[in-house]
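Across the two complexes that follow, chain A remains constant while its partner is chain B and subsequently chain C.
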Partner chain A sequence: MNFIVSSSTLRKGLQQIGGVLNASNSLPILDNFLFELSGQDLTISASDIENTMRTKVVVDEGKEDGKVAVPAKLLMDILKNFADQPLSFSIDTGNFGIEISSDYGKYKLVGQNAGDFPKGQELENANEITISGDIIVNAIDKCLFATGNDDLRPVMSGVFFEFSEDKLNFVATDAHKLVKYTRTDGVANKSADFILPKKPLNLLKQNITSEDSISINYNDTTVRFSFNEIELTSRLIDGKYPNYEAVIPVENPNVLTVDRISFLNSLKRVSIFSNKTTHQVRLKVAGSELSISAEDLDFSNEAKERLTCNYVGDDIEIGFNSKFLLEMLNHLTCNEVILEMSEPNKAGILLPVDKENDSEKILMLVMPVMIR
Partner chain B sequence: MDAFYASVEQLDNPELKGKALAVGGDGERGVIAAASYEARKFGVKSAMASSLAKKKCPHLIFVPPRFDRYKEVSNAIRNVFYRYTDLVEPLALDEAFLDVTENITRHSSATAMAKDIRKDILEETGLTASAGISINKFTAKIASDMNKPNGQKTIKPHEVVPFLEQLPIHKFFGVGKVTAEKMKRMGIFNGAHLKAHSEAFLRTQFGKSAGHFYNIVRGVQHSPVKAHRERKSIGTERTLRENIHLQEDIEAMVSKLAKESFNRLERSQLFGKTITLKVKFSDFTQITRSKTLESTIQSEEEIYNEAHELFFKEPPKKSIRLMGISISNLLKNEEHKPPSPEQLLLDF
Partner chain C sequence: MRAVMHMDLDTFFVSCERLMDRRLIGKPVMIGGTSDRGVVAACSYEARKYGVHSAMPMRMAKQLCPDAIILRGNSGVYSKFSNMVTDIIKEEVPLYEKTSVDEFYADLTGMDRFYGCHKFASELRQRIIKETMLPISFGLSQNKTVSKIATGEAKPNNEIEVSKGTEKTFLAPLSVKKIPMVGDKTYRTLCDLGVKRIKTIQEMPIEVMEKVFGKNGIMIWKKANGIDNSPVIPYQERKSISTERTFDKDTIDTVKLEGILTAIAENLVYQLRRGNKLTACITVKIRYSDFQTYTLQKRIPYSASDNTIIPLVMELYRKLYQRRMLVRLIGVRFSHLVEGGHQINLFDDSNTIKLYQAMDHIRERYGDRSIMRASGMGAKSISRWNPFNGEPPPLLANRRR
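Then we have the complex of A and B:
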């Protein structure tokens, strides 16, 4: 098995899928990339059992089809240190000896039997939907930060994909905050849903661009995203996603409209003075004035700022974790935001006022920190 | 400790040494708190009415108790204990259980260790002590009484069962006067007799205590030496001079009790969450009502308001002879944090 490939082309391909590799593996074979040569097509795979990602690189010259597992770290490290140049790989499929020749010299390493590399997950009875990369890119960007880390509730550690015939919903929550991202410019031919874990979400985020067209194949246990030359197959999170619609309050008579950047900057300054455990900031709205304050009794620190706003509703004083508010405001891009509230012990809802995209709806919800 | 209060008095005042001495009041209604061994020879015992003691021993010398001094000596003794083990469960000023299972002083036996402890106590306080050594608290306590004063007794594991079999029934832990009488009527005079009965039979006679009796006579007592006896509740109660039934009187009483129990909380530097109201009526029936708050009690008013609500949510129709308020669910000062803001969760 021999081929000649541009060092930068190969490096790019490996970087696309390298994120799948775990820092430490119980199975040594998982520390390898699987190289499969067929004509001029070199398919490279990486796997952590749960996720398998493959990409295709076109080699300049290929001789003798074959496959071998190549130590990933060694290969990535040497590739980083080459200026772009053709590399010639010559692999002895009998003893898995790999010899790389560059302009500078020769490098030898020993691979492993390709047969030991885990087979990718089968995807039987799969449904298919094709959507634009823009939807996935935005959905991940808006939702990923709101996912939970609670091992006891694994369903909340991923993003909920909910497809229907008139819209696509993407939902994330950690029980403190919740994001629901809706797109009406992508639809499925039948309703379906699944929960995608964080790792594949991050891998998609790294590799998908808005211009891509993504084909998603899924069944009850597995999903496969295919775009460009990349294919990512992931095991889904098993379990029932919480009934998120039920916790989104409908009646929110108190509506605050405020400039997003001013609000964000105020919060950044005031939150420095908040308690280091609760990160609580108080929002007090009366008339058209929003006051933002925080205090840390342990150190006698306190801060208070005032902002002008538009407000419809009864005067209210409500506490929030400033970290959550900051994250949410940071993930919006609009100029003005609406904060809808009902009671100091009920969720606040953050909505963008101006939208870049008419077929997009964003709802962010955050539970208060009770003021005592 | 042997005749603790009396021995301390004799130690501090050498003139009293070798004399029949009683600590306690010698008045009309006085009671003996402790008697020296010299006085005991005349049949003077602790808890005896002073008037009776005087009859038994006309030359008996009465000394008023000095509890601060006893406490001081008690601390000195406890400090000796703590050199041998951390697991010390004080039973009284002059008595404690020590769990020496973990032999940190590397003594060859518990018997040898007891000798050293008694030697240390004598050297450091000038007082003699007696010790009982055995496999559980009950047998150790019985053993400690066997070679008093200034002696010790070890009941070895294989001796425990024969020892208990011959032990008179009233000596058993948990057998008071009434139970002893009942057992004697049933022909149970010692451990062996008690052992002859099945647990099921004992249950029919003694209910809940059956398991305890069944086990203890077999040398089984799973009661660990509790190093820190923590307070479970704090509070106060009052029997009223006259029964009350008017709302204003009741409110005044609740207010008084709230104030007192809050003061006690503060003095002991404890914080509590549960308020319990106890009321005893003229007919001697009694009710308790309690409520647990979300955060610890911070003020007297809080106690008053909660107790008031507990009482008046269903005001009893009878007149009241006793009222009490107690605070439980206690936290120590250092464990207690002021109520902190709470992050609410979505209701999934």
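Then we have the complex of A and C:
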């Protein structure tokens, strides 16, 4: 098995899929890339069992089809240190010896039997939907931060994809905050839902651009995203996603409208003075004035700011973890936001006022902290 | 040069009782638990003549001094008297530390320049005696340790000043037991080494002490030589809160044990909420009848809610209670405390939250024990104090000091 490939093309391909590799693996074979040569096409795969990612690189010259597993770290490290130049690979499929020749010299390494490399998950009885990259990019961007980290509740550690015939919903929650991102410009021919774990979400985020068109194949256990030359197959999180619709309060008579950037900056300043572990701030709305305050009794730190706002409803005093509010405001892009509230011990709902895109809907929910 | 004053109210509980009932004056009085497990929390000097001392089992004390008047004591009343004293000190001294109901440190550094530390301290003591009628003693020296030992020597109802440079000679003839760090065990080890007087420690090289007692040895050696740089700390943030219960009779009644644990946990969680605190570490402690003590702890996300913490306490208890043996003591401790309110969970039942808020409201108005879980009603004497007001915990009469 021999081929000549441009070092930068190969490096680009490896960087796309390199994110799948874990720093430490239980199976040594998983520290390798799988190279499969067929004519001019070199297919490279990386896997951590749960996720398999595959990309295609066109080689300049290919001789003798075949496959081999190549040590990933060694290969990535050496590629990083080359200026763009053709590299010639010659691989002995008998003893898996790999020899790379560059303009500077020769490098030898030993690969492993490609047969040991785990086969990607099969995808049987799959449904298919094709949507634009823009939807996925935005959905991941808006939802990912709200996912949970609790090992005891694995369903909440991913993003819930909910496809129906008139809209697509993407939901993430860690039980303290929740984001629901809805698009009406993409539809599925059949209702379906699945929970995608964090790792493939991050891999998608790194590789998808808004212009791509993405085809998604899925069944109950596995999902495959295909775009450009890349294919990502992931095992889904098994379990039932909590009934999030039931916990989003419908009646929120107290509606606050405020400039997002001013609110964000005020919060940033005030939260510096809040307790370093709990980050709690207090919002008090009376008339058309929003006051934000925080204190850290341990160090006698205290801050209070006032903002003008539009407010309809009864005066209210409510506590929040400022980190959650900041994250949410940071992930919105609008000029003004609405904060809907009902009671000091019930959820606050953050909504953008002005939208760039008529077919998207964003709802962010944050649970308050009890204040005295 | 520093000047630190240590004040200690003499036989505080007894003095309080005597203020309320003059008939007690001049008689041997003991205050403490009256049950079999009770210990002496305080006793008058008349009772001490018979060999009674605080922390002695009440049974033994009764045998030593059968004529003594035994009182159960009332921590609420004592706290009131203690606060009267605190108020006076607060008025007179800018920097003071209240280490227990009846002990205070005051930093008088700089006072000598225009008034005289000793004069000031004496007048403060006279004012306290005049206004509260409680006998009080003090020691005055360069640091906390020497002042505390001096107070002990001054008692009852007197004062001692240890001037600069005389600390070592003052300490030398005293028993090593007088050093605040030396308890029963250390004392025994020191006796085995042939060390009885502080003088001997002063003459020993510091390395020997370190070899025998480790780090503590260095501390003891320094204290014996009158060296102590610890500052007077006006307010101490609580690092943990805990409650424990010793049973009158050892028990294996698991229903009772679980009931008491529930009551303890419920009360402590309420204390957290009242102090606007959250905990991140729960510890459960069990002492069996053979005095073997076991603890088990668990880190949790910051919380102060009944329905997350009480089940965890139970879970820890069930894991910990392994030996088929009578239980002498159980307790719960919350540590890693931070300031903050409970973060409400999206999937919590909002009615539950309202219920707890209503219960807290009732407790705030009518007292800690006005409302509680039925399972915890069996436990009667779970403490009622607010742990977050900067005050040291009041000693219940039946509690070991």
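The criterion applied here is as follows: the second predicted complex is superposed on the first by the 372 of 372 C-alpha atoms of A that agree within 3 Å, B and C clash if a C-alpha of one lies under 4 Å from a C-alpha of the other, contacts with A are read in each partner's own complex, and residues count from 1 in each chain.
By definition in this document, a contact is a pair of C-beta atoms (placed from the backbone, for glycine too) under 8 Å apart; a residue touches a chain by one contact, two chains touch by 3 or more.
Treat the numbers as computed from the prediction; the structure is a model and nothing was measured.
Novice: With both structures lined up on chain A, is it a clash or a fit for chain B and chain C?
Specialist: Chain B/chain C on chain A - steric clash.
Novice: In the superposed arrangement, which partner chain does A:Lys304 touch: chain B (first), chain C (second), both, or neither?
Specialist: Neither: A:Lys304 stays clear of chain B and chain C.
Novice: Touch check for A:Lys56: first (chain B), second (chain C), both, or neither?
Specialist: In the superposition, A:Lys56 touches no partner, neither chain B nor chain C.
Novice: Regarding the shared-chain residue A:Pro368, is it in contact with chain B (first), chain C (second), both, or neither?
Specialist: both
Novice: Quick one: classify A:Lys284 as touching chain B (first), chain C (second), both or neither.
Specialist: neither
Novice: Tell me the contact category for A:Val247 with respect to chain B and chain C: first, second, both or neither.
Specialist: both
Novice: Report for A:Lys198: first if it touches chain B alone, second if chain C alone, otherwise both or neither.
Specialist: A:Lys198 contacts neither chain B nor chain C.
Novice: Please work out whether A:Asp296 is in contact with chain B alone, chain C alone, both, or neither, and reply first, second, both or neither.
Specialist: A:Asp296 contacts chain C only, not chain B.
Novice: One more residue to check, A:Gly319. First (chain B), second (chain C), both or neither?
Specialist: A:Gly319 contacts both chain B and chain C.
Novice: Any idea which of 58-66, 112-120 or 148-156 of chain C is the one running into chain B?
Specialist: Among 58-66, 112-120 or 148-156, the clash with chain B belongs to 58-66.
Novice: Do chain B and chain C touch any of the same residues on chain A, and if so, which?
Specialist: 173, 175-176, 178, 242, 247, 275, 277-278, 280, 297, 319, 321, 345, 347, 365, 367-372
Novice: In their complex, what parts of chain A are in touch with chain B?
Specialist: Going through chain A, the ones touching chain B are 173, 175-176, 178, 242-244, 246-247, 275, 277-278, 280, 297, 319, 321, 345, 347, 365, 367-372.
Novice: Spell out the part of chain C that touches chain A in their complex, as residue ranges.
Specialist: Interface residues on chain C, with respect to chain A: 237, 273, 276, 278, 302, 338-347, 350, 353-354, 357.
Novice: Which stretch or stretches of chain B touch chain A in the complex?
Specialist: 295, 338-348
Novice: Under the touch definition given earlier, write down the residues of chain A that touch chain C in their complex.
Specialist: 173, 175-178, 242, 247, 275, 277-278, 280, 296-298, 319, 321, 345-347, 365, 367-372
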